[in-house]
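By letter and in written order, the chains are A, B, C and D; residue numbering begins at 1 in each of them.
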């Protein structure tokens, strides 16, 4: 019971037509609606709810909010109480205020990122249906992303000032929202500063992750692919479409994911990655990386992080 | 809370040395212990508990029992009460009666298969450890199975006599053990006979499955691989070792798994399969197959089931 | 100099519309023309000549002829002389008699199969072109076959009657056409009967192959795929389109190819396979298989040949 | 007839033990001999001749020479005559002067790189043998390279001074050695400067390649892998062994190869790549890239070349 999975991300884009081409033709999502404010809604072919990406016209790129789905409507009451008991503010929205969703909770993470929880979203079904389904639909476009899988949020980390929003978020997600830590990166001379926290609420290596940085931001949102072969195909699709790449096919040390990173036309970073990596059952021991091995932790093949990967991000409110 | 995952299977083997060669050198498991009764214990490289396969010398092949791990010790009390409330017998074993495990529950599924639940098993750690781990160990042997993933149990199905142990097990696993149905196959002229039930207690497409048959038996136990490329490697390893194959690389319609099947030297069927398939969150709609499409449901590539796949199985108590 | 590669196969089909759907939508070929006799011409996306498959309406399935392309027009004169010196008949056709081709040689292999050689065929270009080309075109359909790669011909083998058309073809292809033997299967009590001969005129493991059987026939024509991942995709496409499968993804011992086999709607067997396997340079030692290992030679994973693979074939003239 | 394939490369290494660990444990080659001068000889598991890499102790990294194998001993006489007719010097070496080889020709390419041709080298056989062979041996180490495939040589290019050793080499290899151009990159304002030439003497996309640069050098020597899955494995092996990487898994536009690049401990660049790419038959039209698309030509996924790829190389004599 409780939080079940990521539901959607609300991304801010500078040019809606360019963004639509990217998320539809390159990433392979299906547009499902558009509202009078100009927001565009899309889902992946293997998702059953109305949307997992909501694109909003804006002057600056970034994330407006991220939303997670809870298992039961009553979970919202329980979590609302837990948030307040934790000493943080939370607001309840009437059905429909969060588009196509039932009543919702709205609150800020300790890092400041805006988050929603909801139990119901309009059901539209996957592209293959539920009766004798094919393993994949005929009309896959581009990279053919299966589903929105997780987000990585940049959180303020300033050890000298005693600020570590990575730890604050981790604690909040663990104690209030029921997430579990799977992997962490410890930095500093005595490895006492937690600079990365990967958390799951399922058995996936991560359902959300937090990385320390100069401020609150969006590092990337990530989409699932089935196999290493699909990672090649996705990278080929990026090449064909002259998409700005950040990372070509590579293995993460953390999560063991096989991955590529690239940017949408507004500059928001996307990931498509393949593989379960491992099954993060609740009894799995936490994996710890030390910052002297940060290269292998992030990019296992090179053991090196290129500067853009840590320096480039968009806003996250 | 509650049941978390499969813990181990206790298989009966006719020739222990041949079995050991198979599970160690072909499947790639690591022997971890042997007891005075001649039982041999093995784990996969990516498992952290002492064993997931317990081989017992016997005169006839098959499964003695299957054991699942619960999240907390107190879950055992809750589940014991639920089993009794459901009107079924359950026994509590002292720590150590189930080898290397804490206290355990022992009971029979409605189908008659013997099942254990436990909360603690001796921890030995994965082959890559938890500090700056490599994605895979250097000394992988054979198919390099990652972990024991699930079992498929043969359950008595005799619609004319009003017997359907598939449904009885499904109900018991749902109402008492907290599993969820992900996929089902409906048979008969009006598609009212449930002949296959796939159930999860995580988000994997299945943590256990039940198939109708003439009696109680073990269809197969299954091990996880990372990728379609590893399925080829596993099949090559079977060819090199002249292992009796049942199914060469193929896609399941149900679960979308990419798979091979083969037999251990005693005749117990093994599967190695790759891929998450899909994420079976609690809000995923149940997938239904009809028996006119049973070929595609099981073997998507051919759309046909070979006779041995349904006719050959070993005993399950 | 001399024979360069396979040029096309002329297949006989019972239902042209069904055949067109198969070769275009399932195999992924591009129709390039149709003539007044109802012959349909198709090419793969990565081929530059007008066609590699010519479908002819017929009452019985099979192969009318197979054609290979020589490097230079003058090669035709040399080879014509060599065929005559070898004591066999050969006919020269005027340009256009072999559709869209220049002058051609027509002759029968010792096995009786009809073969053409030509130096020129109408050039149409690949789907990606020759100026800054993408690695694959955007509009790939179905299995996306890259090119027609080779044929396997059934040749009469009757050791008791002293008939071995496998050996007769091998000798003819070696001495007259410049092919080299790469692998052979030796049968019989003293392994003296050559039952399979794989021959190359490039460095591929085979450009043509001969298998002993009760008569002259077509075992299969084969198309190239890039990778093991494409073999899965091809097999998925067969499942989606309910194509009659013969062999699901598997490894050949001979050639190391990763392969699937299936039938066109008329019953002609097709293969799609991936991988170079090895580089069959002229100095590569010949590989020999003995018929006690014929299972592993053909299907390395199972070590067993299913009956249909040897018993089912279509006519080859 | 004529040149058949690459035979070996003679690399200069600074630390023989470190080099041996790299070529044996990381690349997966098999050491076959060591001579009194301290040269170490290695072959890949799928090669049948004594060695394809000869490591020589030296003070500076680079290539001493590259050797190609001709089909027949008499080809050496023909080629010697053609080289002299072309107006270039060539020397004939007695058997054994080129280690473990028969008589050999020694000459300089127009670029100045030292090259040998030979018809015979000591035969030792592949690791799987020629009688009922497995598709791969049991004891594969590291990346498990199949064979040395080609070299890319840096050739002086200075258009303003009228120097283009790329074109001079291309002409020499075409007119004297029988190679064919498969792909070229044209640079400069009117795309008249040939800056890259890929040449084949088989049907592989390249058996040798030349790239323009400030001087004569070795860009890389390249080894063949079977499949995209093996590229991942190779990159994982590099990560495990902390090998200095240059390029993580990626697709070339030119040749369509799927590749990684890395450095041996002396700084010589290695490539392991998978896939035939296409079949470069003699009638394949030449593919042309223009330097405005050089990024996609080299690294199709990013469309960008990182500086080190063009600026870092070792000496080639």
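Keep this in mind: contacts are C-beta pairs under 8 Å (C-beta built on N, C-alpha and C of every residue); 3 or more make two chains touch, one makes a residue touch a chain.
Nothing here was measured: the structure is a model prediction, and the numbers come from that model.
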Higher-contact pair (C-beta pairs counted), C-D versus A-C: C-D
Self-contact between copies chain A and chain B, residue sets same or different by half: same
Taking each chain's C-alpha mean as its centre, the one farthest from chain B: D
Separation of chain B from chain C, taking each centre as the mean of its C-alpha atoms, in whole Å: 43
For chain C paired with chain D, centre-to-centre distance based on mean C-alpha positions, whole Å: 32
Separation of chain A from chain C, taking each centre as the mean of its C-alpha atoms, in whole Å: 49
Residue list for chain A, restricted to those that touch at least two other chains: 134-135, 227-229, 232, 236, 239, 251, 253, 296, 300
Contact footprint of chain B on chain D as seen in their complex: 134-136, 138, 227-230, 232, 236, 239-240
Contact set on chain A toward chain D in their complex: 228-229, 232, 235-236, 238-239, 242, 245, 247-251, 253, 258, 260, 296, 299-304
Touch list for chain D against partner chain C, complex: 4-5, 46, 48-49, 69, 71, 123, 125, 130-135, 146-147, 202-204, 224, 226-229, 251, 253, 256, 274-276, 278-279, 281-290, 293, 296-297, 300
